[in-house]
Amino acid sequence: MVGLAWRNIWRQTRRSLITISAMAFGAAVCMPMMAFMDGVYATMFDVAVTQQTGHVRVEHPDYPKTNSMFDTLDGAGDALKSLEALPGASAVTWRAYGAGLLGSDQKSTGAVLVGVDPIRESTVANTDAIVKQGTWLTEPGQILLGHRLATDIDAELGSEVVIMTQAADGSIGAGTYTVAGLVRSGNIMRDTQGAWLSLTDLQELLYLDDRVHELVLLADGGRDNVDALAAAVKAEIGDKALVRSWVEANPQMAEMLKLGQQQSAILLLIIFFLAGFGVLNTMLMSVFERTKELGVMMALGTRPSAVVRLILMEGFFLSVIGAIAGAIMGGMIDYWLCTTGLTLGYGEMEFSGVVFPDTMKGVFHIDQVTSVIGSMMVISVLAALWPAWRASRLQPVDAMRST
Amino acid sequence: MLSIASMAFRNLLRNRRRTVITVLGISLGLGMCQMVYNLNLGNYNSMLDKGIRGLSGHVVVQHKEWLKSPEVEHVVEGSAAIRDRLQADNPAALVTRRIMAGGLVTSPTNAVAAGVFGVDPQPESKLNRAATRMVDGEWLKPGDARGLVLGDTLADRLGVGVKSRIVVMAPDPTDPTESISLLFRVRGTYHSGVEVLDNFSVMVPISAAQPLLQGTDPVHQVAVVYDDDAPSAAGLERAKALDLGEAVALSWQEALPDLQTFIEVDTRTNELFFFVLGFIVVLGVINTMLMSVLERVREFGVMMALGMRPGSLAVLVLVEGALLGFASAVLGTVFGTAFTYPLVTSGLDFSQEMGETMMVEGVAMDAMMFAQYAPDRMALYAVVAMAMTILASGWPAWRVTRMQPIEAIKHT
Amino acid sequence: MSIVSVRGLTRDYPQGEHTVHALRGVSLDIEPGEFTVLMGPSGSGKSTLLNLIGGLDKPTAGSVTIEGADLASMTPGERSDLRRDRLGFIFQAYNLIPVLTAAENAEFVLQLQGKSAAERRARAYETLAQVGLEGMEGRRPNELSGGQQQRVAVARAIAGDPALVLADEPTANLDSTTSDELIATMRRLNTEFGVTFVFATHDPKVMEAASRVVRLVDGEIAEDTRT
């Protein structure tokens, strides 16, 4: 029967090929589209989560609401050591924040001061990738500026900048730093207002002693293991501080990613729904052409259920060939999209607080292939159901009489 | 020739099921494309409207470098005179002045680096997103030089409320090594739903923000906004003709390039998607037409034997395609109109995914998106769908002209 | 002048490595008013000859002249027009256009000729009456019996006032009563209206009605008798 179904497909080579190419084209387009969207969401995830919230974060319970300099974590040093010992944590860092007037000898402006532990920060955030010019922090007295901030105040690599701020003890804190690098984080707020300096420098400037505002962890094995890590951190920290996963800290991001998956699903559905019409028409035609032949088969004792299976199998074969051809073409486009990337030629673009580069790269994931191929097969077998049912309802005598 | 049309029509009815499936395929595809475009049009128009009201104006006067680098020192001097002149030239419009500076906003308990916006209280009360979304106290009043309103989140962070005192510390425009401090009283707090406005912005009367800028009577923008969205071309002409020194008068199209680029890119992306759908549908049409031609080979052979020219047979096939396309265009437009309807009346709610708003190129898009019917585009897509169907009949039609009558008649 | 003048007509079909010689140098003239039957066993070349006369096929060698015009010198379009204006066809399998009614089938050629609607209709009804199908003008082919369908095909063939009607096995699908009636009808059209017929058939009844019998054997004319 398998052989019969296979041969039946090639009786009308041209028709089968057109139907197959519709499906293959759909698959070849869906795969890179999904890779592109995943690329967009990966960029957003990187900006919002990897560089900021972390997979799991620990803060003073009031800090998310107040962002006040005074809502620091108690005993952060001990906590850091114990969290670093957690098996589920691949990286841990801590940060302090402040605000101040930041100026070159030309101009100054308000800035968000991010105090980071240079070495630990590199294990959490993608520091090499975000430094656009110069280097990441290597020694005390250095500062990195958001690239738009640097342009605003006419600062460049090697410039001296002065920070003036209100310190924790109420006095006016001031310090001079050398610009070691310019940052292009993709976060439009940070790129316009952010200044990164070493944690100890910021603590000194703000009279914070050794206090920090947050501890940030990455989960071993990535996003899937976040919940387990959050539970482990909660057990470790207890009630002393607020422990949240990135989903709790940034629910919009989580919803946005879900929306992305829904979008992909809708895209697949629309494209294969239309391709399904082609399969439906092809299978119906092929059943009607073969009315006589199917009648003979049934007269010779073939059961209606076997006829149904035969037709469904033909639909299945059509989709298998379409899937393989589509996956090969889609894979080639994917390869180009993920390595070279698509240059739109419009310059950088801001969307939802994230600045996207002009050349967008896709992110490949095997799920893209399986969902495309899976939905294609399901839809084409569904589309073959009606013709199959029609075929099984033929009366052998009538069928054989038909021409 | 009437009967080619009527023959074509009857031929389509011959295999009703196949015709219906094909028409459904084309028209559902068409309807979806129309719906997606209508939804996007609604979004684009709402974004442009917000951009014009909040970021530029139908006509805007700003420093000639402002578009490239919106820096504090790129000011328009003598702003009151320019405003009066623009108001006289555009009596029906709102004319407003804006300053976008930055500073350290400090309360007794906290300090936050924030945007300091200077606005003309009167016209901005109709234009500014914050002015219509006050949650406590009142919007700025003309003549109240020490008044300040701020975002609710920022107010929480600073631990301030109505009547609290706030100091804005900012660099001295005449000497960047010095800073100046301005004292304000909080008149109200707003919740705009836009994170950057609620968390990192304060708004003060234009005169109170002018000390942050250099020059005489400086602002960053003087904007002319028409309420009925029907800006006068003459108003723009007159504004362009003014002698503005370092400043220039721009139309909103010139002043919002990023927003228009975004819309263009988004449109292109959608067109790519439409193209993909179209291509898949076209393959289906080719298949249908080819099948219908191949099963009538003998009939075509007879018609040729009777003296019908191959060209006329091709026309018959093309007319069949055209009828199929026409039916699909009509039905598809019905689908498109029906699919769009709930999006026009109830809208689509993205608040779960986006929060209250989402920033795109400086414009806050609301989470509730409404579609807008675009009759011209719907008609265009319908025509394109019909044209594609006719084109897809081209190959089958061409095949008919290649048939040899003798072989066609023998064909079973 | 002869309606058809065939000279040295040869037609070879390549079939795999062999060549089938369907016609080997046939010469023949058909005069107006003749009721000619091409007889012969399967493969004797009678259908091939008919198709070549109708310009549906091209000869390997030799010429076909219709009313003095050489088919070989015509473009495909001109041959189409010739068939439309001067020839009528009747096929074994009726081959009516299934989506058209009996009257519409009959007027199909007239329509191609560009006749007015009123003229077409009148002529279609007239010819249908001549073949005995009054009252059936509005029926579709699938609502007619085989004999009735073939009568519609005859009406279609004569509606355009052709100089010559070519009929390939017109009675092969019909039972004997029906085919008797059909032959009588065509014979009557021949005698009353002077329609010239050329048949390819091995139905002896058609031969009985013929005014001239041409017997073909292995692609050559073996016998040509006028009665």
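Should a chain be cited, it is by its letter among A, B and C, assigned in written order, with residues numbered from 1 in that chain.
What we mean here is this: contacts are C-beta pairs under 8 Å (C-beta built on N, C-alpha and C of every residue); 3 or more make two chains touch, one makes a residue touch a chain.
Not measured: the values here are computed from a predicted model.
Among the remaining chains, none touches subunit B as well as subunit C.
Which two chains touch most often is answered by the contact tally, and the pair is A-B. Distance from subunit B peaks, on a Cα-centroid basis, for C.
With centres computed from CA atoms alone, B is the chain lying nearest the middle of all the protein shown.
Spacing of subunit B relative to subunit C, judged by their CA centroids, is 68 angstrom.
Centre-to-centre, using mean CA coordinates, subunit A is 25 Å away from subunit B.
Centre-to-centre separation of subunit A and subunit C, using mean CA positions: 73 Å.
The part of subunit B that touches subunit C in the complex is made up of residues 1, 3, 7, 10-11, 13-14, 298-299, 302-312, 404-406, 409.
Those residues of subunit A that touch subunit B in the complex are listed here as 14-15, 18-19, 21-22, 25-26, 29, 33, 65-70, 99-101, 103-112, 151-152, 162, 164-166, 188-189, 193, 252, 255-256, 258-259, 267, 270-271, 273-275, 277-278, 280-282, 284-285, 289, 344, 346-347, 349-353. Against subunit A, in their complex, subunit B makes its touches with residues 17-18, 21-22, 24-25, 28-29, 32, 69, 71-73, 102-106, 109-114, 156-157, 159, 169-171, 176-177, 179, 195-196, 200, 258, 261-262, 264-265, 273, 276-277, 279-281, 283-284, 286-288, 290-291, 295, 350, 352-355, 358-362.
Listed in rising order, the residues of subunit C touching subunit B in the complex are 51, 54, 56-57, 76-77, 80-85, 87, 89, 91, 95, 97-100, 104, 108-109, 111-112, 156, 160.
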